[in-house]
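Below you'll find a set of structures to go through.
Both of the next two complexes hold chain A, though its partner changes from chain B to chain C.
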Partner chain A sequence: MIISLVLNPYNRLAGIRAIFLGLIIHIVLTSISFYSGTHINSNLFFKLASDTPFWYFLAEMSLHASLNILGLIVTGYLLSRTQFRLIDIIGTALFSRAPLVLLPAARLIPAFKSFYVTSPVIYILILIFIVSVIWSITLLYNAFKISCNPKSKFTNIGFIAAMLLSEGISQFIIYQILP
Partner chain B sequence: MKTSQTLFFAFVALLSLSACSQDYQKLSENQTDLRKIEIARDFSDRFYNTLKSGKTYEFSGEATEPMANLLSADKQKEIYQQISNQFGHYKSIQYAETWTSVKQSDTHIIRFKGEFEKTAKRLEIRVVINDEGKIAGFWIKPWLDPLT
Partner chain C sequence: MKKLPTSCPSCESQLKVKQLQCENCSTEVLGLYELPHLAVLSNSDQMFILDFVKASGSLKLMAQKMGLSYPSVRNKLDEIIDRLKDLEE
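Let's look at the complex of A and B:
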């Protein structure tokens, strides 16, 4: 029951409520990331650097989230035979970023903020990142399945392709276009 | 219950291991040497402002001899050209933190965040001050919170 709620809360959460909670999560995630100096602009890696102003964190995280959502919407249109509401996919996909708070929150602890690079602390941070990303992607996949209701045998491939494509585009924009 | 206890002890063990294995340690605010920080800040700021104005920096005893020899006039021009092409001209410098080597506690690694015109990202300007108060190392690189 609890595991099902943690991995798939979307039977109870959708529409305006999901968007509202998703936006709050996005703002909290961006703020904690800024204060702890943790760039999570990718599902594949992270960067520990208090090197940019708040607007930069907001821009890179919003861009990454938006492209993930856009990828799911396009895939949803391609694979779903029924109509779906944009408000549902946007809200649930934004909400699925909640587990990503784990890593920046851990870095608020002083021992995780400044350390020598060969310290075992880095392994704890990598472990936290892996757990949070797996949890977040599981939530995103469930958000996609419930909101778009795809009935194609290509659902999994479509989801993976959308994630990889949005990841590539967001990384290109963040590292080549943002100053 | 048993799993959570194991996880807790593994976590504590990793943190202890981390504390023991540090070759360098970050100094708290009251452990830092303000004189060394001022030497490092003054040198870095004058160095980059001189290069920005198109001249080259002349050392006058503030750095060790190998350091001064390494940063010849041609080398300075080459370094600044690379930096300004990629990140724009130097704007300002801000003190961030001081680290010290466990083995040589008189040597301080002083880290600054440098601001450049073309990028929103602060770069690390790192100055190593030896036990005689002289500049023994000077780098510029992308900022990362862990000491690399």
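Let's look at the complex of A and C:
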């Protein structure tokens, strides 16, 4: 029951409520990332740099989240036979980013804030990042399954393709176009 | 309440109606009739359809009543639609 709630709360949570909670999570995630100097703009890696203005954190995180959601919407239209609501996929996908708060929150602890590159602290941070990303992607996959109800045999491939494509485009925009 | 058996306990094929009886005058009708598609669905599916009709076909009301999210209820409805389509084929 608890595992089901932690990995798939979308049997009970969707729609406007999920969008509202998702937006709060997005703002909290962006704020904590800014204060801790932790850039979570990818599902594959993170960056530590505190000399960046708040708008940049907001822009890169919003861009990454938006492209992930857009990828799922397009894949949903391609693979789903049912009519799904955009508010469900947007809300549940935004909420799925909640576990990403773990790493920037951990970085608020002084021992994780500044350290030598050779310190074992970096391995702990990497471990926290891996756990949070796996948790977040599991939530995102369940959000996609519940919101779009895809019945195609290409569901898993479609989800992975959407994630990789949105990842590539967001990284291109963040590192090539954003100042 | 007794549950109407819809599949054979021996080979699991779908059962048909052979005999009907009037409770008032005991007239009996013999024949071989297909069960209506709705009767073949599981009890929970039949209850869902009854509740759905009572809720005027509103998935939102159904979601509130069942304590589930809107897409979960819609997915349940999709499952029942798929089962009914299979039965029609």
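We take it that the second predicted complex is superposed on the first by the 179 of 179 C-alpha atoms of A that agree within 3 Å, B and C clash if a C-alpha of one lies under 4 Å from a C-alpha of the other, contacts with A are read in each partner's own complex, and residues count from 1 in each chain.
Note that in this section a contact is a pair of C-beta atoms (placed from the backbone, for glycine too) under 8 Å apart; a residue touches a chain by one contact, two chains touch by 3 or more.
Since the structure is predicted, the reported quantities are computational estimates derived from the model, not experimental observations.
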Which of chain B and chain C A:I122 touches, first, second, both or neither: first
First, second, both or neither for A:P53, with chain B first and chain C second: first
Chain B versus chain C as contact partner of A:K113, first or second or both or neither: first
Greater chain A contact set [chain C / chain B]: B
Residues of chain A at both interfaces, chain B in one complex, chain C in the other: none
Chain A residues within the chain C interface of the complex: 10-15, 18, 82, 84-85, 88, 146-147, 149
Residue numbers on chain C that touch chain A, as the complex places them: 67-72, 74-75, 78
Residues of chain A that touch chain B when the two form their complex: 37, 47-53, 55-56, 111, 113-124, 178-179
Footprint of chain A on chain B - complex, ascending: 11, 14-15, 17-18, 21-26, 97, 113, 118-123, 142-148
